[in-house]
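In what follows, a single structure is set out as structure tokens and then discussed.
For clarity, chains are labelled A, B and C in written order, and residue numbers in each chain start from 1.
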Amino acid sequence: MKKLMLIASAAAIGLMAGAATAQDQVEIVYIPKNTGNPYFDSIIGGFADACAELGCSFTTVAPATAEATSQIPFITAQIQRGVDVIAISPNSPDALNQVFDRARSRGIQVLIVNSDIPGSEDHRDAAILPVDFTTIGPAQVELLGSMINYDGEIAILSATTDAPDQNVWIADMQTVLESDDAYADMELVTIAYGDDDPQKSTTEAEALLANYPDLAGIISPTTVGVAAAAQVVETAGRAPDLQVTGLGTPNQMRRFIENGTVEAFQLWSPYNQGVLAAHFAMGVNDGSITNEPGQTFDVPNLGTITIGDDNVILTQDQPTTFNADNIDDFNF
Amino acid sequence: MSATETFDAAKARPLWHRIVVRPESVTLLLLIAAVFVSAWLSPFFADLRFVLESATFYIEFGIIALMLTLVVVSGEIDLSVAATMALSACLFGIAHRAGLGMPVAILIGLGSGALMGLFNGVLVTVFRLPSIIATIGTMVLYRGIAQVIAGDRSVGGFPDWFVGIDFIAVGIVPVPVIIFVVLAILLGLVLGSTLFGRQIYQTGTNPIAARHAGIRVDRLKMILFTASGLTSAVGGLLMASRLGVVRYDLATGGELQVVLIVMLGGTYIFGGRGTIAGTFLALWLLIIIQTGMTVANIAIEAQLTVLGLLLILAIISANAIYAGGRR
Amino acid sequence: MTALGRLVRVREAGLVVMLVILAVVVGAIQPRFLTIATLDIILLAIPLILVAAMGQMMVIVARHVDLSIGSILGFASIAVGMMFRDIPEMPLWLGFILAIAIGAGLGLVNGLIIALFRLPAIIVTLGTLSLYRGLIFILSGGRQVDPNHIPEALIRMAQTSPIGVPWIVIIAFFTALLAYVFLRHLRLGREIYAAGSNPDAARLRGIRVNRVTLVVFSLSGAMAGLAGLMYAARFGYVNPGITGVGFELTVIAAVVIGGVSINGGIGTVPGVVLGVLLLGAVSVALPILGISGFWQDAIYGAIIVIALIVDGSVRAGGLVRLVTGRGG
């Protein structure tokens, strides 16, 4: 009986302490594009681990679909909950501007994570990007070039025709293919769009194989596309004469690396993005970081980070290349 | 209505029974319960200003649900409403981008919505297709056309006076909520106390008898489908104002929400029964449930499950009550 | 009835003509469309739709509709995918049986709600579409089953077989053959037509209409479950938020195009197979021609609406006289 009361009072104290710390702790919420997306689960992992270390309270909520407006009720609810920081990977570059403004007018820090909102930079405090996006195009071309001896027809399988990040990378790829003599023998024959839908991406990849029998390589700078392209090449038995590379997650691509369909692909660390975003948010919140371009701050394991123009913060400079040698070191 | 009324009279249910045991009372009870559960789930819920603000996310569907109630009472259904919203909003956005001026663009948006509704009406009355399938077909078609004309791009750049209608409030009540309430009163009067309203009930209860009674059933349905398209376009414009941009995938899956509201309000899926009051209450029920679960950080998968269950429970209970009243 | 029979045959002939026209037109613009390689692509594009369409056609012939098949497909594939992941020694055949059984179970739930409470299938399955999708997220914890957890043997079924044509294509056409035999030669199959063309008359003739309802929804669910495993084979992974979303509309489109009357009672397996082939050919023709995938839904929608209008005009009587030369 005594023991029971002890437990009860301990629980009561615990509850009160919980309530007290919840008051004091900085509350960070992260809203990914949608649930069930393993890529964003890694970002969540980064946030959670960093918050455990830094002593912030972290939650994550997400809509079921990545439709342009589906995140709005969630943001409004978080404003009502009075969180301190809303970190979000937005489903639209502009449809959320109104609600972002409302959050910021209540003193909430709005951080964009994973891709910026071009043209709407005024509506957020800062953007955490995984990598310097200007390096993606050239790095992908170089990777594929090294796999096909810098010779032959290549194609690109992208997401949608209007995907902003992909379009920047593709433009960079085209520039480097034309301007750099090392790629003089590589000919970009077409750009296909699979809308980030497995079915459409697969059909588009199959059409690439049918339309260009001499195709030597496919670059797919989107996780759904590169998996679909690899699956199609494996089904058609065209590896290694037809090389596939792109941006993919290790777990999604592991099988193709192991069975030799894909030699190498690239990405960055979504986990580190979460870590960086949590450190930045906490620093700004306690005043140790000034959110101004040119300012720097340190993050354990990530080194010194500089806030760039337009308050854009890069997690790493170059994409990471995954191949048979290192893929077992990654699990996301 | 007359046929069922004599039926009811023959059975002579006590007055209190007829007033209390009806699907709308179930909706009202659920609404009250939802308010308490939501307040219990999260300390942040019980804030009228917040609830009204959150209401603006669902009000577009509520407005469409009001008109859909009339359609369902007449014995039909319109599943293309969300696609109509998207296509009319995209046409509006593209017209504005082409430099046609806001008044013309708004007219194009509303007119195209009415035309889409009219086309549904033609399929149902001229080609005698069940509306349930015909409007699934046009749902795919309208959404597909929106995708073709708007691509994956947001169309925006609307003038300041047009953007953010949900931020304009009278007291603490946002304008879209007022529009909803006014439309609910108007349609409530149309359905409840006009000849046209009685004809809608008669058509839904027994179309053949209605035809014999001299009601021009096809014309009535044509009017209702056109009105449904027009209301969907209004919903699309409200959404465009709230977001400041339009996209082809606007309101994806919205037909489920709209049908859910109408069913939750106790409208009989086979026609002939239902009230605007029920739909009015049902919208608030949906707002409270979704807002309450979201502010309590309840995962979306649980929310989907609850919504699916609610829809099924709502039709089962409405069905049971109507069947009980007839037996 | 002979007029009706002739009409059905006219519909099938019409589909063949449309397929030929499509092949000729696309082939004229892009000769590569008329190669064996393209035929392979089309054959790989259709197995999921074909299998699910067999179930859906029975539902529609029985005067219902099943909107929940996309969620059932997702549920079965996630559930079995997780079992493959967590119990690596589980044999492949057991996976197939489980996927079909899970699908049949979810379909049976649809059928029970519809039959017991006398509710319209479209609303009930609209509800379970959302309900089952929610359950998928709960079951999987929102996590996808990655490619390296899908058995190699399963993925190979989408790639090859002893006779060269991938196993999933063989399974799909074999399923269609079974459906054909079931609907034409078994009593239960014929009862589906009777119950769909006139439920009251069917009841008077001693057909248990409720049992027919349960059977068609269970079969539709079972087929969706089978399609779920074929999805895992073909795409190599299953994702709670992607797998099966929107699948129901493609399947219903194929069935309606294949000449199954939405008023119940009419429709043939060969017609549906042709409808599936036509949709598959369109979906492959677009990328071969370099047309944006954005057009696909609009084209599907237009085909559905046109098929519905044809269906409506036929029943309104005009076309029957026109085609058969006698009264409808």
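Everything below uses one rule, namely that a contact is a pair of C-beta atoms (placed from the backbone, for glycine too) under 8 Å apart; a residue touches a chain by one contact, two chains touch by 3 or more.
Just so it is clear, the model here is predicted, and its values are computed rather than measured.
When chain pairs are compared by contacting C-beta pairs, B-C ranks highest. Relative to subunit C, the most remote chain by averaged C-alpha coordinates is A.
Centre-to-centre, using mean CA coordinates, subunit A is 36 Å away from subunit C. With centres taken as mean Cα positions, subunit C sits 30 Å from subunit B. Across the assembly, subunit B contributes residues 151-152, 299-301, 304 that each touch 2 or more other chains. Shared interface positions of subunit C, i.e. residues touching 2 or more other chains, are given as 133, 137, 142, 292, 294, 296. Residue positions of subunit A with contacts to 2 or more other chains are 35, 64-65, 161, 195.
Subunit B contributes residues 77, 123, 126-130, 132-134, 136-145, 147-148, 151-152, 256, 259, 263, 269-270, 299-309, 311-312, 315-316, 319-320 to its touches with subunit C in the complex.
Those residues of subunit A lying in contact with subunit B across their complex are 35, 59, 61-65, 67-69, 72-74, 76-77, 80-82, 92-95, 97-98, 160-163, 195.
Residue ranges of subunit C in contact with subunit B, taken from their complex: 65, 113, 117-120, 122-124, 126-138, 142, 249, 252-253, 256, 262-263, 292, 294-302, 304-305, 308-309, 311-313, 315-316. Across the interface of their complex, subunit A is touched by residues 30, 32, 35, 37-38, 41, 44-45, 133, 137, 140, 142-144, 146-148, 150, 158-159, 166, 234-237, 239-243, 283-284, 287-288, 290, 292-294, 296 of subunit C.
Against subunit A, in their complex, subunit B makes its touches with residues 42, 44, 47, 50, 53-54, 57, 151-154, 156, 163-164, 167, 239, 242-245, 247, 249-253, 290-291, 294-295, 297, 299-301, 304.
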